[in-house]
Amino acid sequence: MAELLIKNGFVVDPSQKMNGDVADIAIRDGTIVEKVGSDAKVIDAKGKVVMPGGVDIHAHVAGPKVNAGRLMRPEDKLFKSPNAQEHYRVEMGFSIPSTFKTGYDYARMGYAFVMEAAMPPLHSPHVHEEIHDTPIIDEAALPVFANNWFVMEYLKKEEIENTAAYVAWLLSATKGYGIKLVNPGGTAAWAWGLNCLSIDDPVPFYDITPAEIIAGLIKTNEYLGLPHSIHIHQNSLGVPGNYKVTLDSLKIAEGVKANNKFDREQVMHSTHIQFHSYGGDSWANFESKAKEVMDYVNTHRNITVDLGCVTLDETTTMTADGPFEHHLNSLNHLKWANTDVELETAAGVVPYVYDKDIKVCGIQWAIGLELGLYAKDPSRTFITTDHPNAGPFTRYPRVIKWLMSQKAREATLDSLKYCSKVIDATDLHGIDTERTLYEIAQMTRTGPAKALGLSHVYGGLGPGLDANVAVYDLDLNNMPTDPEEIEKAFSRALWFVKSGQVVVKDGEITHHGNKRTVWVHAKVRENHQVTRDIQDKFLKNYTLGIGNYPVWDHLAPNPYVIEVDGEA
Amino acid sequence: MPKLITQVGCPYCGASCDDLEVLVSDDGKKILETRNACVIGSEIFHHATNPNRLKKPRLRQPDGSFKEIEYEEAIDYTAKALLNAKKPLIYGFGSTNCEGISAVGRVAEKAGAVLDNCASICHGPSFLAIFDNGYPSCTLGEVKNRADVIVFWGCNPMHAHPRHTSRYSIFPRGFFTSRGQMHRTVICVDPRETDTAKLADMHLMVKQGHDYDLFNAFRTVLRGHKIPEEVAGIERAKILEVAEKMRNGRFVMIFFGMGCTHTDGRNHNVDIAISLTRDLNDHTKASIMAMRGHYNIAGPGQVWSWQFGFPYCVDLSKGTHAHMNPGETSSIDLAMRDEIDCFVNVGTDAGAHFPIDAVKHLKKHPFITVDPNICMASEISDLHIPVRIVGVEEPGVVYRMDNVPIQFKKVIDGPESVPSDEELFDRIYVRICELTQTEPIWVHGKAPVPASTSRVK
Amino acid sequence: MAEKIVLNMITQRSIEEGQAMEKGKTTQEYFKACSVVEMNPDDMKRLGILINTNVKVTSEVGDVIVKAITPTQFCPPGLAHIRQGVWANQIVPPRTQSTGVPQYSGFPVTIEPARNERIKSALELVQGSVGLWKGGA
Amino acid sequence: MATIRMKPVKTPDLFLECFCISPDVFAGKTPTEISRLEVREGKARNELGDFFDIAGSSGKTAEETDIFIDGDCSRVKYIGSKMTAGSVTVNGNADMYVGGWMKGGSIHVRGNVDSFCGLAMEGGEIQIDGNAQNYVGCAYRGDWRGMRGGTIRINGSAGNDIGTFMLGGTIIIEKDAFIHISTHAEGGTVVIKGDVQSRVGGQMVKGDIYVFGTIEHMLPGFKEIGTVDKNILGQSMKFRHFIGDLGERHPKKKGREIYGNLYLRAS
């Protein structure tokens, strides 16, 4: 790999407070360094924007429900798959791309890292098989915990230490990254066909509430000092009026301080907040509560959010929120896949068309953008589409365009059939904020890297960081007046260097990179009770042997393990 | 000292039991005893150490006899056969691990082949139904821990999945089903009084081929409408009784099998079963599951879905994209229509399990078998390449019928110099790259492992 | 008593077939497990045959000689079963109705006594169908 | 109007995939240019001219272009697929996907066609003088948007899966059909002038089915509600009127459920 010099670009790197400074980025052996020798290969970035590689904090890119979506949607490929680049693997699918297309498309957009947002522990070998087959981009996966029998049993008795021991064991067994909560308690209720729609609905049989699960897992997370905070998909997703539940859940984090050695400040990451910022009490009077939700987030520094922007595409929804998918299915009557996973979780998949001719879809689209525009601290508000739920990740450049250009927003607003009703139900029409490239870099690079506790690896261009550098065809001094040019530039990086290797040139893949699997190994004191409990449940309730549960090392052939000393 | 290996996976049926115990000789080469396995599973482990195991590829000679050849030659032969064909078909994967399946995917893409697996003649219609209607399902542990109404529709686990009923579906005592069989109502729908039907509390002896009508009757009843006196040979009163049982169950589980997919209507019999499951979820909790046949036949469906977007019948002949349409790109149709000109049979026996007319059509062109054992396909092949036995001599990830991945161990070393499926196909891939003067694509920059090294996982 | 009867044929799995198959398809066990047709005793009566009589089963695509036995799992009159495998596949119609799956079950066959005819081995049937059989007729 | 005349001169070893045989593609091209269009036989890349003699002239637009194929196309797929205007006539048989994803214009096959004829069709007319195999006017696998418009007329018989997931348009089978008519349909009309074995209208939400002959097994989810006189395809007849599939969900209009209609000719 040797040495590389990216010269004379407009460097936009919030981690170093660089806002378009013309500078060189030097790379040696995959790492950013102060300078390189004169033999270094030179990439001329003069007049172009240079950013750190993108960091996606939340996307469904690998694992059983993603693959269920691929499997059950052949029509997502027919005439919708671009032709493969010569000498590279075929690229199939639009809303749920194949693993190869996933890796290639992230690289083309200049992304270096993506977090698989929900890993069912029992299926973790599957998640890692897919990660293994996704080229270039580094990946980690969040196991889901909030409907897990062990967790509910320990937390009911307020046993944080035992919960922590179990979490640590499971993170190692599944090669997972952190604590994901999806519809706490609600998914467990779904195993009997029920749900928990508020944070005080008791979970059937377990006699614990979602609020207690959330609070307990925040404590557990900070007890262990994990790099990431808890990452929560709240109760009552997608339901009119749910913003109250959202605020109730966010309040659980009040007063809790982050405890970790990874420079993380938040104790709760609330994901795809768009789906949780709904007012009204039915689809008829459905309206935006983006302002109310964002006002709260703006004033509480120990919370981060990602947007989950609706992109107005035909897509495939998939979530561990099993009861939600069943509910969605009763609205659109399309095919419905569901998997309840023994002792752990569930998941559902339903295709969905965000139709410009449907009022609700237009309002959802507007809410996502309102949230992105209302955020006072872009480094705590991250761009996502909850891929593929609100739209495929390949639409990030479009979301960026909307956030950067009021003109682009207005054009889309005008194209909605119920434009005036969308204007009535949201504030979007009146917002003239236009995000800058610096803020976009905060929302897609520096911010998410810090929230994940990975700012020592990703999200910046300072010496010592991983050499992930994207060069975009944008002239800082002469930004395009046509917003489409912004979308185009972010869709296809001119250059993308991943871990020091040029993997994209002129928007085309040139190399398969050297992808890594990132996971967390948390060391805790030996806990005999938890060990016994685990063995007991595998004997009595699981249908596979405990010896066959932990993910083999060879499924993650290029691991990047973050050691956490939970005993300290 | 002989060594007892526990939590061993069984490479036979889709129940993919992983609680076998295998006693292995101290040199690690012989299997002395297997515990917990069904009669069929035991047979596989004991068959592995059969002294007549093939250790070299065999190439058919002009006089019709086989001659042993080296692996290099067999690899070259296969690479060239795939390259020379306009549309080769690679079919099988009833007994291959996902590592092997993935390696074959790479070869097929490079060679412009059609990739298909045994689902094509088995649960393929279930895929068609899933495409059209989805798949509200669960893992088998949910059945064990919760299900109190079990329906076996057109499937016969007592014969096809011998330990299914004891591990998952009828007998086990789970968390919410502490009384085991006493906790469950078992309903069997089958035109024969099978051994599963004999175990059931209720048997509906449906008129063969009229499953769709009977499903339709259940759905109609559940929506509160009247049905005729008799549907598909079953009296109305009985239908109403079973419908009530399902409606009042706390967790209804429907297992279905070849009785649905092998007869008139095929996918529609499954499709309407899925519709019934959806309907039942308005009343209670209900789930459905295909009784997949082989221990990893769900594997190719998973691997190819993430690699190509389709679980089977994947036509890669265009090179730039994949196309799938069973009925067109399915093995039997391709064979009967003479739409392919080379056949590679991997880890299955198309010779025994395809209708004989399809075998005759396939045999017009180069015919290669990759399988550890002598089978009907190997005995009509132009080339037979033996490989290690997954789950016995080769570890790997397999997908159980409920799509739960299980990491299968190996228990003994395979015959020396015999490669795994993955190693064999990686070498075929490298050979194809050499012949086409192109660079191999390895996502992880790996080079193929020489056949002689046995990997420790 | 009829010279031949028409039955509805299904070909499905059985544990006998499964076990024998794993032993090997050229074994006597496999031959014994799969070269049989199970039919209701009433149908046997109609055809005037006894248990273990060889019969010729003919479908829209071909015929095969197998041994008639009483079902190990009850078969109602009108339905016949040959266990999945080489003998069944001599008569399974390959038509898939554009779904990919042959008509393994639910196709009409005629069954007639064939007392003096020999049941062929698996290898003879398969190799014979593609001109590779070197054994005796 | 201008006509391109094609004569098959070589039978492919396998099957030809000819997305190009469409007035939309031929329009504005000379016979020489047309003969150079790519067709695929599996991996093999060929030119249309390798398999057909091509003569005549094309119009400026698809609308002004007729294609006449004088001979057997039993091993040619995708004839007229995705076409929007103009016409294609095949003086012989054709293989799969005749008129697949078709939006307009007309196709006339004087022989038989294989399966997937009129797949996901949106408009135009297809006339088949012989028989069709399975999946006439159905959806592509997994798509809930099947045939949306246009007319398919099969003068002979057809197999299973006619109008699966149909949303609109008309399918007429002059003779018999096997099983599965309008399964999962949410609109459209299917007319079977002969007999059907069974499974008519299963999982049907909306739409109309007419059967002039007999239905051997009626689904239990269909209920007879009376007798009606109907004029269909220029013929006035008395029909028994069934509604269904009562096992399936149905949308409500003004508080009343809308069902699929099955009209069975009264004997």
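When the chains are written out, they are named A, B, C and D in that same order, and each has its own residue count from 1.
Note that contacts are C-beta pairs under 8 Å (C-beta built on N, C-alpha and C of every residue); 3 or more make two chains touch, one makes a residue touch a chain.
Bear in mind that the values here come from a model prediction, so they are computed numbers and not experimental data.
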item: Between B-D and C-D, the pair joined by more C-beta contacts; value: B-D
item: Chain with minimal offset from the mean of all protein Cα atoms; value: B
item: Distance from chain D to chain C - Cα centre to Cα centre, in angstrom; value: 39
item: Centroid spacing, where centroids are CA-atom means, of chain B and chain D in whole angstrom; value: 34
item: Between chain A and chain C, centroid-to-centroid distance (C-alpha), Å; value: 57
item: Centroid spacing, where centroids are CA-atom means, of chain A and chain B in whole angstrom; value: 34
item: Contacts with 2+ other chains: residues of chain D; value: 115-116, 134-135, 140-142, 144, 160
item: Set of chain C residues in contact with two or more other chains; value: 97-98
item: Junction residues of chain A - those touching two or more other chains; value: 72-76, 78, 334-335
item: Chain contact topology (line, ring, star, complete or other); value: other
item: All touching chain pairs, where touch follows the definition stated at the start; value: A-B, A-D, B-C, B-D, C-D
item: Touching residues on chain D, where the partner in the complex is chain B; value: 13-15, 40-44, 96, 115-116, 134-135, 140-142, 144, 160, 165, 179-180, 183-184, 198-199, 202-203, 217, 219-221, 223, 245-248
item: Chain A residues touching chain D - in the complex, by the definition given at the top; value: 72-76, 78, 333-335
item: Complex contacts: residues of chain C adjacent to chain D; value: 97-98
item: Contacting residues of chain D [partner chain C, same complex]; value: 115-116, 133-135, 159-161, 178
item: Contact footprint of chain A on chain B as seen in their complex; value: 6-7, 9, 18-19, 98, 102, 109, 127, 130-142, 144-146, 167-168, 174-175, 250-251, 278, 281, 284-285, 287, 301-303, 305-311, 316, 319-324, 397, 399, 402-409, 438-439, 441-446, 457
